[in-house]
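Next come the structures, one after another.
What follows is chain A paired twice: with chain B in the first complex and chain C in the second.
Moving on to the complex of A and B:
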């Protein structure tokens, strides 16, 4: 294909913004990470050695990725049935569902996170309901536990999964499902052989967004998870803004970047593979 | 179309003239401005309500505020060497020492403060001025727990199972943990005894939270006792939360919030006027009132009844810490805390 300058000019503003606000800072981050001392004077890989040589770091990396996987699984389990309801609904209900999905995005993540304390706390809505129904003699421990955090993140990240999923689903040709039914396939068979494969691009895109967003959601992780759950963003915050060890903060940030990147790549690969299998 | 173009030109010309006049009018009106870094939340709201009008009235200077926590101020100033994004810092003792080490302040001449004589001894030095005090002790819910007496009670039943803890990320958290360590034989530079004692009761501790979430966790009944400062206690009481401040037997901890001029600031003159306004009696008295609940530093201000002292001079007997010794150790303490508390 011939290189057309006129077309390339169109991407120039975005390209320059990316270079200035992403590539240059990323290069700086990498540069700072190869200093061996916190005053940023001596070059060396000592910071990398210290960070990656500590078994605790690997536990934190594992926990961060695990949190991402659990949140993606929980979000998918709840979002997909809702997307199917959307698919079967009339235009008016579709608008209602879309509005409800977008609604959480209209409030700040800080507000939603602090609301999490009110909902998940000992005297929160969930525990009061459980005690009232007599399902448990004492309040359940939800705040500052991994499952509590997954519950909160699932609620917070839900729109990120649903929006791409709904957009792909609404473009799906309804006659394909009718054809499947007409040819004698059961509802489940139609779901697994027609609807799911066709909606995979939206589902995969949504899962990638949720994974990247929840593994890096510092405020939610710290406020809902507390200090008992340590994830990579907490280490970055402590090192950069509490003890000013920028090389160590950079190393932690790059580690987070790589782990999240690998997670996202894995989801994308999984999506490609299952699409090949489905077809 | 020609007509349309004319109107647009006219419009642009008018807009240019108008904005030019506005700019001129502004500079002719005020004697300049000063940009101050300010803690977000209570501090920013209180300063907007009381310091901004007072500074305008007394010196005709506009106060612009950049909301930043202490640690963020140091990080920003350090990242922009020589061209600070604000003229004045407001800092807790830990970040203050870091800023000093990294040469982020202009030299300070206390004699330029008109209210200097109203401050108790030791409130100014060659780098800045104290503008508020903080007193740290124990906050507990008297409806749910008996009154604790000492720091060690925090790690004993029945208090420990309702205890809310934070780590070394904040000044109040750090000094509280140091005081607990001291009761078990530790010191300002040795918090090992705290870790030893904490490990024994860790599974019972009700909550270990982010510092910013502690008031919300207390309010929601997630914990009923915690180490905290008088300001947080007063603020929660203002929201009808059952909380009372206790001065531990070994003494409450006092530390001071100071202000400094950023190195390379072009508004040094206005920064002094700003500091002088902040420490003036009317402003200090207003800042002490709810919902601000600051502890004043001006002797002319009559102290609020909820404060754990009758006069400012009593604070000289409170426990103080040397942050030049604490800062170098803090990173390892934070790392240790992460490892000990995470399952």
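Moving on to the complex of A and C:
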């Protein structure tokens, strides 16, 4: 441990950058939120009272958390089976799947939001397919609806769930699944008793990322959901850049921070609980 | 008899497993790759509106996009984004590499806490940080500028470098460091000749991720970009908002092609996809 101080010196530049441009701004966010007026002159909790006393606020918070939960559920339902296929695939297909996961991850979120419009629009891909199959006589309205938004966010967030999941899957001991099959367990039973419990850490990490990302995805929410579906990011944007009420914007931003934090903590706790039961 | 029934039931159950999992996984693959393909094809449309499949193929929207006069605002925004991304990538790579060299091998309570702190921008709502940064810089008397966006981006993209570099640090054999030190090499010499060659691919992968993350960043740019410092994702948002401008598809096409090429290069040079998975 001779180089102890020398090593901490290496941490210092990034630490100072984070202190100056990350910690202090976040502290400022809290400070501004306890001013009672738009001009930021009088201290007081009036902004908090006004914001949290409004039933509309609670509806927006509820909708934001609900959007997060729906997206996490939809993403898991689609992404987990793909991870299972990855698990059983040969090295060549594993490479293909990994590539297909990472390409959209590196493609701009705005581009993928734009894809959402092309897919969900009145003459979009989904509606054309539905009309062609004769499932509905008229095109469905998907843009500016919650389920349309969940579909778009599922497409946008899926790589975030898959990456930690594939990471855990690729480290899993294949002999455990072989043993389960050899002992006569069906594939479903092996999935729920062996693979799922073992992959839980990756699933939980992925779900946390998806929840945190989709609840704050302002442009996707705004462009796909329209301005009739109100989520916390829209309130933050309106109050800060349209109305210039910074205390209220700060209160909304902190509310988002706490809601996302609680949601992520809940997912993490759920993961720990189910792990204790599964084993 | 009972055994036969059980075996048949088992086969049916396994078949249902294969069908359900295969179907969902197929949908998953479609959802992952479909949008990218659809956007690419749409960008070659001949029509004046965005439709899939496109009405006839042409390069007219790319021509319009590359027209220096009629698309000058988009070019300005793209150059700004590129400039910010290069600077944010470079600085965050240097800072995060230094920090991770010191932190990655430490298991102490403080080292873990500092590491968690450095990684926190990944899970924190970036929109809240964007607003905080806007107020901070405004109170300090700065006008919106590219420099401020660069500073904001450094904080947001540093975790990517930190993660990939730390991962490659864990592959470094401590015996190498010890033997280098016992042979009389100074700290910096050891770093340059022993540590750096081992972790260089991790640093490169992290730098690439940082570059892409800065280029795509919305929540920080949204607050810090001004009329004179327009950023590409924000401009694209504007193009989607009012009259849906088909040039968005062309910009997307260019971005997808760029990412694809860079990704293939990085895959060759540093094995990007495996590094991201592990």
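In this text, the second predicted complex is superposed on the first by the 260 of 279 C-alpha atoms of A that agree within 3 Å, B and C clash if a C-alpha of one lies under 4 Å from a C-alpha of the other, contacts with A are read in each partner's own complex, and residues count from 1 in each chain.
Everything that follows uses one rule, which is that contacts are C-beta pairs under 8 Å (C-beta built on N, C-alpha and C of every residue); 3 or more make two chains touch, one makes a residue touch a chain.
Every value quoted in this text rests on a predicted model; they were computed, and no experiment measured them.
Overlay on chain A: chain B and chain C clash in the combined arrangement. Once the two complexes are overlaid on the shared chain, A:144 sits against chain B while remaining clear of chain C.
After superposition on the shared chain, chain A has more residues touched by C, the comparison being chain B against chain C. Contact with chain B, but none with chain C, is seen for A:242 once the two complexes are overlaid on the shared chain. Looking at the shared chain after the overlay, A:199 reaches neither chain B nor chain C. After overlaying the two complexes on the shared chain, residue contacts for A:125 are found with chain C alone; chain B is out of touch.
After overlaying the two complexes on the shared chain, residue contacts for A:64 are found with neither chain B nor chain C. By the document's definition of touching, of the two partners only chain B reaches A:56; chain C does not. In the superposed pair of complexes, A:117 makes contact with chain B and with chain C alike.
Applying the stated contact rule after C-alpha superposition, one finds that A:223 touches each of chain B and chain C.
Shared interface residues of chain A (contacting chain B in one complex, chain C in the other): 114, 117-118, 121, 123-124, 223, 240-241. Interface residues of chain A, counted against chain B in their complex, comprise 38, 56, 59-60, 114, 117-118, 121-124, 143-144, 222-223, 226-230, 234-235, 238-245. Contact residues on chain C toward chain A in their complex (touch as defined above): 10, 13-14, 16-18, 20-25, 27-29, 31-36, 38-39, 42, 50-52, 94-96, 98-99, 101-103, 106, 114, 117-118, 121-129, 131-136, 139, 151-152, 154-155, 158, 187, 212, 215-216, 218-219, 222-223, 233, 236-237, 240-241, 244, 248-249, 252, 255-256, 259-260, 263, 272-274, 276-278.
Looking at the complex, you find that chain B touches chain A at residues 69, 71-72, 74-75, 78, 98, 165-169, 207-210, 212-213, 216-217, 220-222, 330-331, 334, 337-339, 341-343. Across the complex, chain A meets chain C through its residues 3, 6-11, 13-15, 17-18, 21-22, 24-26, 28-29, 32, 77-82, 84-85, 95, 97-119, 121, 123-125, 128, 154-155, 158-159, 163, 166-167, 170, 186-188, 191, 208-209, 212, 215-216, 218-219, 223, 233, 236-237, 240-241, 246, 249-250, 253-254, 256-257, 260, 264.
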